[in-house]
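Chain nomenclature is as follows: A, B, C and D, assigned in order of appearance, with residue numbering initiated at 1 for each chain independently.
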Amino acid sequence: MPFNSLAELAVFLRGFAAERGWEQFHSPKNLVMALSVEAAELTEHFQWLTEQQSLQLNEERREAVALEMADVLIYLVRMADRLDIDLLDAARRKVVLNAEKYPAERRS
Amino acid sequence: MPFNSLAELAVFLRGFAAERGWEQFHSPKNLVMALSVEAAELTEHFQWLTEQQSLQLNEERREAVALEMADVLIYLVRMADRLDIDLLDAARRKVVLNAEKYPAERRS
Amino acid sequence: MPFNSLAELAVFLRGFAAERGWEQFHSPKNLVMALSVEAAELTEHFQWLTEQQSLQLNEERREAVALEMADVLIYLVRMADRLDIDLLDAARRKVVLNAEKYPAERRS
Amino acid sequence: MPFNSLAELAVFLRGFAAERGWEQFHSPKNLVMALSVEAAELTEHFQWLTEQQSLQLNEERREAVALEMADVLIYLVRMADRLDIDLLDAARRKVVLNAEKYPAERRS
């Protein structure tokens, strides 16, 4: 099951939850708690590393980090699906705001 | 600047950081801290709501939530880019593991 | 209102919530969300600092950090009160477990 | 080793870290990351519970929750010690601010 887009991942996760009877637990309130737990499991890999070490992970650690990042993405996509939010379009709106808030020092 | 994929968002964010001289701050260690802060800003919208209320956001709240979810995505994509991790492929590997860990009760 | 102990702080916070009709919102589930939000507001002060800089805060930053740490403590104490948990006694039980898990390399 | 106060806990933890050579890792930046990870481990116990269920933990869960709350307290106290912050005094300053921000509806 390769996913070519966030939309495909959202559809897959919707079915995955439905098959397991998990929809009753997947309120946005509960999903944001799960998202924050996954963000912390990702944090745990980096808490005692120096910044430099955090850029030079060995392969085993890097794969563990990739799977924790996937967990964050999975709950983010699942939550967006429950709230009918288009994540890439929201990112577009947000970077417009960020560009206004933090103008680049010089643009050629 | 519409983004059609996570890959396009990653390229945009790489340029956005470079134009502002932010690369020196964007170690994975720092980025995971920023990610967890954004996850908490998202949590803040839901902390005093009931689960039912969390499913029925008014439009103003829903847009604020969408922009916070965008912030989580932005730092997740930026961090993945710094670690050369393909998020959708990591999600594929993770859901395979999840399917083994939590088999569906019945599949037709 | 100086607090000489966590117990005194707990009693004060109980009254503070009661006077404002907040008890209905103070389920442990909601309080742990609030606690994690405060932990992230604390994190925000440190996310772009080096470790060395994090040890050398100026006075303004140090006071802001102290107040965020107070918020974490406040929600932790409020949550413990709702669950009838004695935090200092739980810390005693936990450090016994930690001492077994991480024995000191040598003790004279 | 019963602790009668946060100050006693701080002194104990200082010795515990010193005996294990952990001081080099205990920058405030790293400690706030560890604190947020413990807050999330606490969150994990509540993420799929209803608010009502979160008030009615069985004894096994309640002890697990108590030990996670102890971990949050331990890192909070350790971080305060590194920054020379008096947590109970900071809580006093914070509740004064909170009382101004959220006045009680009526006071007799």
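Simple rule for what comes next: a contact is a pair of C-beta atoms (placed from the backbone, for glycine too) under 8 Å apart; a residue touches a chain by one contact, two chains touch by 3 or more.
Please read these numbers as outputs of a predicted model, since none were measured by experiment.
J.: For the chain pairs A-D and B-D, which is connected through the larger number of C-beta pairs in contact?
T.: More contacting C-beta pairs are found at A-D.
J.: Taking A-B as the reference interface, identify its repeat among B-C, C-D or A-C, namely the pair sharing over half of the contact pairs by residue number.
T.: Checking each pair in B-C, C-D or A-C, only one repeats A-B, namely C-D.
J.: Roughly how far is chain A from chain D, centre to centre by C-alpha average, rounded to an integer in Å?
T.: Inter-chain centre distance comes to 27 Å.
J.: Can you give the whole-Å distance between the Cα centres of chain C and chain D?
T.: So the centre of chain C lies 3 Å away from the centre of chain D.
J.: Mind pulling the residue numbers of chain B that touch at least two other chains?
T.: In chain B, residues 30, 33, 36, 39-40, 43, 46, 50-51 touch at least two other chains, as defined above.
J.: With touch defined as at the start, can you tell me which chain A residues reach chain C in the complex?
T.: Residues 33, 36, 50-51.
J.: What does chain A use to touch chain B in their complex?
T.: 1-6, 9, 12-13, 16, 19-21, 27-30, 32-33, 35-36, 39-40, 42-43, 45-46, 49-52, 54-55, 57, 62, 65-67, 69-74, 76, 79-80, 82-83, 85, 87-99, 102, 104-105, 107
J.: Enumerate the contact residues on chain A facing chain D in the complex.
T.: Against chain D, chain A makes touches at 25, 30, 33-34, 36-37, 39-41, 43-44, 46-48.
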